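Before I ask anything, here is the structure I am working with.
Read from first to last, the chains carry the letters A, B, C, D and E; within each, the first residue is number 1.
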Amino acid sequence: MQKAMIERAKQLLADGTVKRVIGWKRGEFAYDITPAVFETAEELDRDFVFDDFTAANVSKYLVKESRKEGRVLAFLKPCDTYSLNQLTKEHRVDRGNIYVIGVPGGPKLDIEKIKGKGITGILGVKNENYTLKIDTLYGEETMPFYEAVLDKCASCKSKKHVTYDELMGDDGDILESNRFDMVEKLENMTSQERYDFWRSELSKCIRCNACRNVCPACTCENCVFDNPKSGVSNKAAADSFEENMFHIIRAFHVAGRCTDCGECSRVCPQHIPLHLLNRKFIKDINALYGEYQAGADTESRAPLNNYTADDCEASIVHERGVE
Amino acid sequence: MQVNDNKDFQPLIVAFCCNWCSYAGADLSGTNRLNYPTNVKIIRVPCSCRVNPMFILRAFQRGADGVILCGCHPGDCHYTSGNYFTRRRMTLLFSMLDFLGIERDRTRVEWVSAAEGAKFAATMNEFTEAVRKLGPNRRLEDLRCRKQ
Amino acid sequence: MNKNLKEQVLRSSGANVLKCMRCGKCSATCPSYDEMEYHPHQFVYMVEKGDIETLMKSESLYRCLTCFACVDRCPRGVEPAKVVEAVRLAAVRQQGGNRLSPDMIPDMLDEDLPQQAIVTALRKYAK
Amino acid sequence: MLRISADKLDALFGAVSAKQKLYIPADRADGEAAFTEYAPGMKLTSRLNTVRSAKDFFFPQTENLVEFKLEGKKIEINDIREECDDFVIFGVRACDARSFTILDKVYLSDPVDTFYKNRRDHGTVVTLACDRPAETCFCQTFGIDPTAPEGDCSVWRAEEYYYFKAITAKGQVFIDSAASLLEEGNAAELDSAVAKTKAVLEKLPLANVSTKNFGGDKLNEYFNSDKWGELSESCLGCGTCTFVCPTCQCYDIRDFDTGNGIKRYRCWDSCMYSDFTKMAHGNPRLTQLERFRQRFMHKLVYFPANNNGEFGCVGCGRCLSKCPISMNIVKVMKALEDK
Amino acid sequence: MQRIGVFVCHCGTNIAATVDVKTVAETLGHEPGVVISQDYQYMCSESGQNLVKNAIKEHNLTGVVICSCSPRMHENTFRKAAAAAGLNPYLVEIANIREQCSWIHKDIATATEKAIILGRAAVAKVHLNAPLTAGESPVVKRALVIGGGIAGIQTALDIAEAGFDVDIVEKNPTIGGKMAQIDKTFPTLDCAACILTPKMVEASQNEHITIHSFSEVAEVKGFVGNFQVKIKKKARFVDETKCTGCGLCTEKCPMKKVPNEFNMGLDNRTAIYIPFAQAVPKVATIDPNYCMMLKNGKCGVCSKVCSVGAIDYKQQDRFIEEKYGAIVVATGFNPIKLDKYDEFAYNQCPDVVTSLELERLMNAAGPNGGTLLRPSDKTHPHTIVFVQCVGSRCDDSKGKPYCSKICCMYTAKHAMLIREKYPDTEVYVFYIDVRTPGKNFDEFYRRAVEQYNVHYIKGMVGKVTPKSDGKIDVQASDLLANEQLHINADMVVLAAAIEPDKTARPLATMLTTQMDTNDFFTEAHPKLRPVESATAGIFLSGACQGPKDIPETVAQASAAAAKAIGLLCKNSITCNPCVAHSDELMCNGCSSCEKVCPYGAITYIDKEFRMPDRTTKVRRVASVNPAVCQGCGACTVACPSGAMDLNGFSNSQIMAEVDAICK
């Protein structure tokens, strides 16, 4: 696939359809892949990579790239296309200036999962029939492919590309996923248990803003948490309250806009399951206001910008759940 | 189970009231001399849809023990649709707070029309009592702001 | 006026007699009207006044067929039949208030009477 | 050399923690390691290093500096400084140990940061030599020997024993506090273990990363390099690299109005943030390119220029594994060198 | 540095009895920025206001906090006072320590403490208040009246009388409304047509009035003084400007079996029709559901007989757009459908009719030429039973909860007219209550009983059963005689409840006006502003606001006209300055705010920004039209970046209040 992608990109560069290509660039190791913009065939040949570790969602870069002179070619996985649609809907990208090639989705691998097995000194990772052969400084290790899959891929919601100009490989379907299982599990806990769970998770937050900055829904020109005028800006969570505040407000701001791409949890250096907050909103929205998938289209009204006269009352929160 | 029902605890309640219905309803309960506890402090907003979730969290941060939001009855919004948006926003916000383990009874939305002075007073009595039973807000407060 | 009795009737009927606007449509529609000394609208009014004992002693109590025509037609949703039923229940609940006792039944039986009616009657008129 | 068998480590921790607070790197529920206050039964992690560096102990992410109250037109100022209690951090790796030297250069040179100094004075750093370096390790680039860590006391693991060597008086106090548990051991066993590690060190993929092309005199060479554009292109501008870095030392000072007075506190800042060093006139580094460049130029050029050639990086490899887009100092060094 | 003045009102003893006003003034005097803090007996009195004015001048105040009654009472009073003293009126904040403190609390200590906190919150807010200037927007000197019944006609005539242009939009082919269908009017018994048709003619001839008949309001944009309305002129397939109303086409039209809605379906009309002889405009209309030419292109008779060539089978719906300063809603009422009242057999028996049908049966221009005959067999009825309150005063599940108001009187009228014309006919009226509050109304009813011997029976009809002999059995109760009656009737007339016209609900949505649960338009104040809606510039006329008889309708129509004239007389109106505004530097252009704005006040512009590196970038940003924005604030919460904020209730102001309260 990688080879075909490079070839196609070179063609499109050569015939002037696009001026730049956004994709993934190989790193020092097997897994440290960086999203990058390629402008020449040489660069593509040398550095372009598409493999089990190219999990990064590059759609957010299109906010910037699509505003530049000339069309940009973006290779988007199914989940990334949802993000792009949402950005198009919110006028954050110039869709006309983007040439989208849909490429097959994951499952992609999570290096942290491999390292979590105690495997270190990793020099190379090979997938042989869904068994990972890992070459390390301390000898070869193996582990089953599926044990190293990223959480976001393990609960993949869709293999369908919702927007593209061209497709490489086959298009898939929307999947029945188990993505709300953990949310449900938490919902079934007591309030004290939930509180303890989230305190232990959120207290790890170092407020590096990686979750926000990687999020394709967080494209504000100036985030309220960076804007001293908002009264809530801060560079560190000085108190447990601020840990809560930042994550609640961030989840609220992306509620109904979050496509559930899972990047927030993927990049969190502290492994906080931030996607659960977004999924809680998605689950509630689906249950209370009808099924809604952000980014599935570019026209529909976001649930929070919409209403019906017979919506449920807020007291529904009191009426359901345990205790 | 909380055995102690915090009889002596004086909770701080912040009430956001829309100018057209609930604030007028609060005025009416004053005009009719209908008592409710001094714990309730009202902030006037043009419409319930003006209330940003940040204001609610801010109140908890600063030591409020309960926050209640009052607006026109659905369909009666002075601005036609404001309270419909409020209803969705607050439903989701409260659900999220619940999800994070914050006590459900600390937050409430109530629709109070300009004619419902009695309902306003009754709601405030009831809500203050519910919050009193919960005791001080410890799960969503900023320790730096706690009064010594 | 017997306050407890009134409350009991109101509670067991679930009806709100104060909703009555005295239009008389219940009586206008009642198939047993001519058999009764107190008609449905009077039932409702007397319950409102708390004059339950008079009703309990009245034959009218057992003339109501519970056909629910009054419930269906009442513009205000007062549900007179339920009020009648509740008064009946109050009578049956009183010590010795049973209208029928098992030994009275055989004489009254008609060969064609469906089983169900007998059971219903017992339920209606005795504890 | 004094040593203790691995199964008695618990007893040693117990003895130390009875006297002062003890922190050890322990496993967290999510599989990562973090310095945690020792409690009986807690085990040393098998991970090479913690996500957050050990600098937190001397330079915490947030710290209150002073409090004041406005009463009418009067301002009442409260000095809230307290003498900190003695504490021990056990299991600091060589890279983090060197980071304290770097932080000291910033905070202990005139004017001395008394908050930092207070903590430094009361903290005992017990280092642990590495025996299983990871592919992301490149401390040797900065002249650090992970088999001979600095600190107040060094510890090595060889087979089923931990070997102890005091470097400073504080280190000696640490060893003395557990003296009854320690026994004299065979240093040869230790030497062979160290030799094994050294063999691995040579094979590390980043073993050849060198600082020879960097230093205080390289400002003009790199400042206007056209590489910054492509390197910073995909930078998200988050603070992950900064906040996991053991040597990053920038902070911001802010006031927080509690309603009953103002708390002035400082918190870590990141040069990757758009409001870093924002002043009344605005921000001196307006684009992500400039902010990105600042971080790496600071570590590789400005810091050595002001500190006798000492680089502002210890090669711990945290930014290599934690950067959301896998951009890091090694990639920057290699790109800049590649002319 | 702020210089804030705090003024604490005693309100006689209203506040001072439960709040220690001296302590409040004293304590608030220590708040940062407060330079003067005073208390006074009656702050709203002339001398109280002077106290505030003098303090503003003397201390050069930058903000004023009044601790007094509700801002709903005196906010304007104090704003005006501040303005008079040269301070921007929006730098005044009110702390409500009466309605929300002294009147509800008894304990002086806690009430005082609360008053201080409320005062402190107001001080904290006023610190952040910005001077606001109300903009002005011009008033378009033209009014729109929606609905061409007697209410709409009267309103239009009155507005036109004052010299302003008025457009009437009527959905039917003619104006006249329900009143045109009525035979005689109570209590004078004069002929409805005789008093209505001159007004219709007057309306059509008035140079200030334009009648858009067979038209509907399709879209309303804008705001008070400047509404932009799109009117749909439905295709009537006849050129209005050419048609002379000669009626030849209606005579010749072969399609003669169309139910005549003007006669309540009691007879038939042709596919091309003029609703009634005095219709205004007197122009024919083709009913496309029945016209053979329009349905299958075979016929064309009307086109052939029309001497002026007015027939146009290709006519399409047209839209016209017009600007108005004021809109008057006069959409009127309809009798309810009686399908669900099986007991009255309305659907089974043609001789069970509604009162409005009876009007047509008795009308000289009606299906029987004014002779009262049973619809079933065209025989003269000898016994007629009237049933009152059909569907009125019901539980919500059974009908309308309100009293339809007009039925008692028109039934008395009908009974009387029948007895007058046909003395051999017995008339029974079953009533629950007879409600006759109106001038000469009860006298009228008494005449029906005393002079015309109409049998008024207190009680309700329980069941109406058509019998095989064509008679109708009416089973009812006579509550006073305590007996159940059976009346062998020839006709039964049902006084059906009335309800607002079905077009009112979507119209209310377009106009952003409020309605009650029964779809009657809600007035701005039930007693003091009965003809205005809560939405500025929208007025209410006639039965769209609640059941009314003709004199009341006309009175309200004139009142609504007066209000509209009052608005149209102004050259411009002052806008509310507490509106949203967008910080363009922070705006993402994401459209969230636009989606939640109920007024369409937000549009997007492409704006050029200078970037830090001296390049320029064009970005889409939101822009609020301050004249359209009403200041609800929905957009401020929808905006994730916090670029949207609301004047007078800004994020920072509300958070300052929260902080002050939680101190």
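We take it that a contact is a pair of C-beta atoms (placed from the backbone, for glycine too) under 8 Å apart; a residue touches a chain by one contact, two chains touch by 3 or more.
Please read these numbers as outputs of a predicted model, since none were measured by experiment.
J.: Return the chains common to the contact lists of chain A and chain E.
T.: B, D
J.: Steps needed, at minimum, to get from chain C to chain D via touching chains?
T.: 2
J.: Based on Cα centres, what is the most central chain?
T.: Closest to the centre of all protein C-alpha atoms: chain B.
J.: Taking each chain's centre as the mean of its C-alpha atoms, give the chain farthest from chain A.
T.: Chain C.
J.: By mean C-alpha position, what chain is farthest away from chain E?
T.: Of all the other chains, the one whose centre lies farthest from chain E is D.
J.: Centroid of chain A to centroid of chain C, CA atoms only: how many Å?
T.: 69
J.: What is the distance in Å between the mean C-alpha positions of chain B and chain C?
T.: A distance of 47 Å separates the two centres.
J.: Measuring from the mean C-alpha position of chain A to the mean C-alpha position of chain D, what distance in angstrom results?
T.: 30
J.: At least two other chains touched by the same residue of chain C: list those residues.
T.: none
J.: Residues of chain B that contact two or more other chains, please.
T.: 53-54, 58, 62-63, 75, 81, 85, 89, 142, 144-145
J.: So which bits of chain E are touching at least two other chains?
T.: Correct list: 596, 638, 651, 655, 659, 662-663.
J.: Chain pairs in touch?
T.: A-B, A-D, A-E, B-D, B-E, C-E, D-E
J.: Looking at the complex, which residues from chain A come into contact with chain D?
T.: 27-29, 31-37, 56, 61, 111-112, 115-116, 118, 120-123, 136-138, 200, 204, 206-210, 212-214, 226, 228, 234-238, 266-267, 269-271
J.: Quick one: which bits of chain D touch chain B in the complex? Just the residue numbers, please.
T.: 256, 258-260, 263
J.: Can you check the complex and tell me which residues of chain E touch chain B?
T.: Contact set of chain E toward chain B: 70-72, 96, 98-101, 103-107, 110-111, 113-114, 117-118, 121, 509, 512, 514-515, 517, 522, 534, 578, 596, 598, 630-634, 636-638, 646, 649, 651, 654-655, 657-659, 661-663.
J.: Going by the contact rule at the top, pick out the chain D residues touching chain A in the complex.
T.: 28-32, 46, 48, 51-52, 61-62, 132-136, 200, 203-206, 230, 233-234, 236-240, 242-244, 252, 254, 256, 265, 267-270, 273-275, 320-322, 324-328, 330-331
J.: Give the list of chain A residues in touch with chain E in this complex.
T.: Within the complex, chain A contacts chain E at residues 67, 89-92, 219-224, 227, 229-231, 253-254, 301-302, 304-306.
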